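The structures come next, written out as structure tokens.
Both complexes shown next keep chain A, but they swap its partner, so chain B is in the first and chain C is in the second.
Let's turn to the complex of A and B:
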């Protein structure tokens, strides 16, 4: 029963692949076009940028989260694709650069950053111990210091383990992961408060942090499914990441679809039911002016459709079904962040929902850089953590009907 | 192997013991190949892949659960509709009588409750439980099935059942112990 599984695939992403170059090219083009937008419509530029920024940062932080709980639970199921989130985490320290526009655009984005507005607003005065510009800037660097450090550290530990074959490194990974889980939970919560919730500084929801976590994590599983199939389409890891592993990703996507719905709806229901003016206004703004279509769209395409489609076990390993659901979830994730942020800029009084070309260019810009960084790093080392003590058990996984 | 047969007992099947889960999986495949379909395997713990080896069709339990879930969903909606819209409409902070968001928790709970009932009682129903007596309990050795024994029993009601052929098949598959079971 115990034979060592052999890997028949090449484990090295082609070193002379031009993919990172193309992605960086697309990313730069997107960012340059967006920079033109900065001069034509500064507010729109910053809001569009914020949506794309929170989109990719949330997925990146969710990636490290997955590595953390994979280590802490001594999991075997995901060893074959653990290198993908590890590599995303390894780049998080570079991603600090991209929080700078949010800091620079603080006056365009955040009403509470205007001192004259705070001077006449009792609520903002009460919140000014937290919502003030210097502390906001300091917090951004604290978040990225935590994420960048842990992401880099776990990536390096994984590569060291691969190179040296020293299984003692697995206990180092657990020692990093255990304290990192509460650190990540708090930092992501406050990042969600800072970036998205404070757009409407009079409003508050204590579960907004877990809401940002839930939407990002659901999208993360969709991205993982697309990434696995992308590698397959390039001829990589076809016999390494097999149906049993893909099935697990499908099951995770299903689980987090339910988790997302639970969190998002709970937040809505409590506010709707209590009917307190300072809480309901946020949803009021987001259920009019065209934004209600996105809200109903989320109910249908971010919960109902993935839930019903992935409910049956057979569907969770059908390639076309999974890709379709994953794409829908990723699109809805973008729209949900748009739905959170944009009503602050485009309330119903000012035409309501209308998309700008900068929504697209900032997305392409940040996405190109994000995946360019990813593939640049991904081709430097093996695509799976070789020599990992649990790799064999993971490779042996078979799908049981 | 006893052949002594009481007058008022009849042959229930032939029970064979195997050394480990792998042998049980292998013999299940052989039994299916030989064309038997009235047989079952018994082990102290669940064995991955045994259902496939035994060529069991996919359980219908999922459909039973789905049916009960939909029933719970419908019951919840119609109950609240009757109460809050038809029978005793109350204006609660100006919200509509058909207050869909507020109805979600109860709808969810009843859907889950009836699904759980469907799962538990549907499982009992499909398993044929509760069952007070099973002829296998007449076999002293069978107690090992809850400890370290891996058994397969080919039942006499199988249309292809011939005691000699079954014995041969199980012996050839490497059974450590073969016994006839009477009811």
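Let's turn to the complex of A and C:
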């Protein structure tokens, strides 16, 4: 037999770790505080909630996407990371309950849900076969059924493979992944239409689903970098996830920075150039009232900064640089979703850009629960998919200067 | 036992090949006397090339009136053929640059071949924008050349961006191709027995000796060119899509156009590579290198990109309805049910339905079937450009100006003629240049992998992949 790379780290996240408890505590505190906001400013509560909800859900769906691509391309590079997105995907079915506030807030969020508004607006009438409350609710459950089922199934397959050492399970993973890719493409697209595009029900863009995919995926890579370094900081997997692996995450973050910029800019340019009133107003609303500063910030910090920094090979090997860029991207992802959603709530006519404490509390609330669920599940099994046929090849990656 | 079967990675090169047998196999095509069959193939290719030149000559003499353009359809086969050929010209650089960056070793069997195809396809594409201007003798006006009239091209126009995008793409693709060829040209130089070849290959191999330093520079240059070529693959078809999408014509102005055009381009490019590859490997006996596994991987790429195109069609249709804009709705209904419905459904069948057969392993590993689908796909992609260009123009905002567009014989002959150019170039390539990247291919063969030795005992260990070979003695 050829030499087998040996793993020197413990692969088990400490079972006594109090981390999930703390995270759940922070999450509950955030949600309870936000609930107070519900009584003081209901509209603000729902809009803040929607931004945080689309933030975490987008990243969760991108996680499963990554697992799907990984199986379907038979990739080796990311086997040591794969358990992280797999675990996020395993919790997606639980995440269904967090779409309920969006459904409950439908009247506060979505102008098209008001029957009197539709009655006087012939454009909304034309869309009412799609934009109506019952169908909206049904769609939410379809999306989460797909995501939750596939996420759970792939997690289970991975754990089974680890426990039994049966490499045949990789065929099962591919059999699930192939049809799941088109299902995810359509469900994420329509979720993007529902949650974000229909906030301005007159506006439309064929690119919007791809755009939501692109921003979520870019943020996902940043989250992965932060997760890897977080595990290192806790003393985990220091000799298993090495710099050569994290370098690949940096390269992916770079690639998706370009992809994001490509998609976002194409969408903007085509609408700006044609200058048709039914389309261009959406950008008009987002380039005034203080929101323009977020837009300039996106250009500088979500594209230019990560692009220029990560273009350099050496920088992708530097821990502090990667953490800095990843944090900037995550913050910008939140701000971009804010920039998409909030001009509906705070248009320029109503004082424009206006941050609320609920933006923070809903974020902490959902974030705490999201990562609480993650670590609760993460400590149940090994942190890397042991016995995976590609694991040895992945572990053999070494630092190339 | 498991109810699922584990499928190990297949070996990239089949058969019992050593380094030298690969060199022999590939260079023999270039070094042996020209076979009669080559002349026989050159004959129709050259005839078509002459047809192209005659059609262009007549066009320049007579003007674009010989084409089927009418009012309101001012863009016809010329733009359709341009976009079609440029789209085909996307696969080569995608395979060589993007798959290189993604460390996809299987690309080594087809990259040289696909890059050559790319360059020739872009040549064919470039003809159409040039000849369609009417007064070709002032074609240099498309470039921002300072002149005494202070007349500049319109920098706001994507048509001008196209001039830069396509010429940059062509230049970088050519350089990339050439850089990759240098080590192999040196191999041919060393193997050539007559003076003429020695000098010709020697000249272009730039004094390559295979020294460590040469390889070091080569790898660096290759990496940089791959990095430069990657955004170009995306930008060319993005800007081609802008030609349509920046306008306010219903059916053209839609934001998903850029990625959708790029996906379509890769789709048709891979299909064309397959069409050529399946024939070439048969004639030249390269089945050990261009294996059925390569074909299967390419079929999966075709399935993925074909489905992406299908996704874009559905988004367009959905958003046309969802927008509530009556012109958008009308044009999409007209596409499916109007005077060009035959073209629309041809496109739908060929592009969206036909690649779905590759969900089945039996079909995507079937050579004859794949060959048929690869042609069907390119028919579909031609019709896609036809549908986009013609339907949106023929039925514009003003129903009184609607007219049906039909091509003339000159449209057809010019298009058919471009195949003459394409195949003439391709045959020249097959005859004089190595169709496989020999040096790159060797690097992915199991015998190039030092892991085959046990570190302690220094004993040879056979790799675990299927079709493994025992070549310890040849290394």
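Simple rule for what comes next: the second predicted complex is superposed on the first by the 399 of 401 C-alpha atoms of A that agree within 3 Å, B and C clash if a C-alpha of one lies under 4 Å from a C-alpha of the other, contacts with A are read in each partner's own complex, and residues count from 1 in each chain.
Following the convention adopted for this analysis, a contact is a pair of C-beta atoms (placed from the backbone, for glycine too) under 8 Å apart; a residue touches a chain by one contact, two chains touch by 3 or more.
Being a predicted model, the structure only gives us computed values, none of them experimental.
Trainee: Superposed on chain A, are chain B and chain C clashing or fitting side by side?
Mentor: In the superposition, chain B runs into chain C.
Trainee: Using the touch definition from the top, say if A:304 reaches chain B (first), chain C (second), both or neither.
Mentor: A:304 contacts neither chain B nor chain C.
Trainee: Between chain B (first) and chain C (second), which, if any, makes contact with A:327: first, second, both or neither?
Mentor: Neither: A:327 stays clear of chain B and chain C.
Trainee: A:210 contacts which: chain B (first), chain C (second), both, neither?
Mentor: second
Trainee: So, does A:117 touch the first partner chain B, the second partner chain C, both, or neither?
Mentor: A:117 contacts neither chain B nor chain C.
Trainee: Taking the superposition as given, does A:36 touch the first partner, chain B, the second, chain C, both, or neither?
Mentor: In the superposition, A:36 touches no partner, neither chain B nor chain C.
Trainee: Check the residue A:74 against both partner chains and state whether it touches chain B (first), chain C (second), both, or neither.
Mentor: So A:74 only meets chain C here.
Trainee: Of the partners chain B and chain C, which touch A:126 in the superposed model: first, second, both, neither?
Mentor: In the superposed model, A:126 contacts chain C only, not chain B.
Trainee: With both complexes overlaid on chain A, does A:273 touch chain B (first), chain C (second), both or neither?
Mentor: both
Trainee: See if chain A has more residues touched by chain B or by chain C, and give me that chain.
Mentor: Partner with more touched residues of chain A: C.
Trainee: Common interface residues of chain A with chain B and chain C?
Mentor: 1, 269, 273
Trainee: Residues of chain A touching chain C in their complex?
Mentor: Touch residues, chain A against chain C: 1-3, 74, 77, 122-123, 126-127, 130, 164, 166-172, 178, 182, 185-186, 189, 193, 202, 204-210, 258, 262-263, 266-267, 269-271, 273-274, 276, 278, 389.
Trainee: Name, in rising order, each residue of chain C that touches chain A in their complex.
Mentor: Chain C residues touching chain A: 2-9, 103, 231, 234, 238, 242, 245-248, 253-259, 307, 311-312, 315-316, 319, 322-325, 359, 451-452, 454-455, 461.
Trainee: Which chain A residues qualify as touching chain B in the complex?
Mentor: 1, 265, 268-269, 272-273, 275, 312, 398, 400-401
Trainee: Enumerate the contact residues on chain B facing chain A in the complex.
Mentor: That would be residues 22, 48-49, 51-52, 58, 62, 93, 95, 101-102, 104-105 of chain B.
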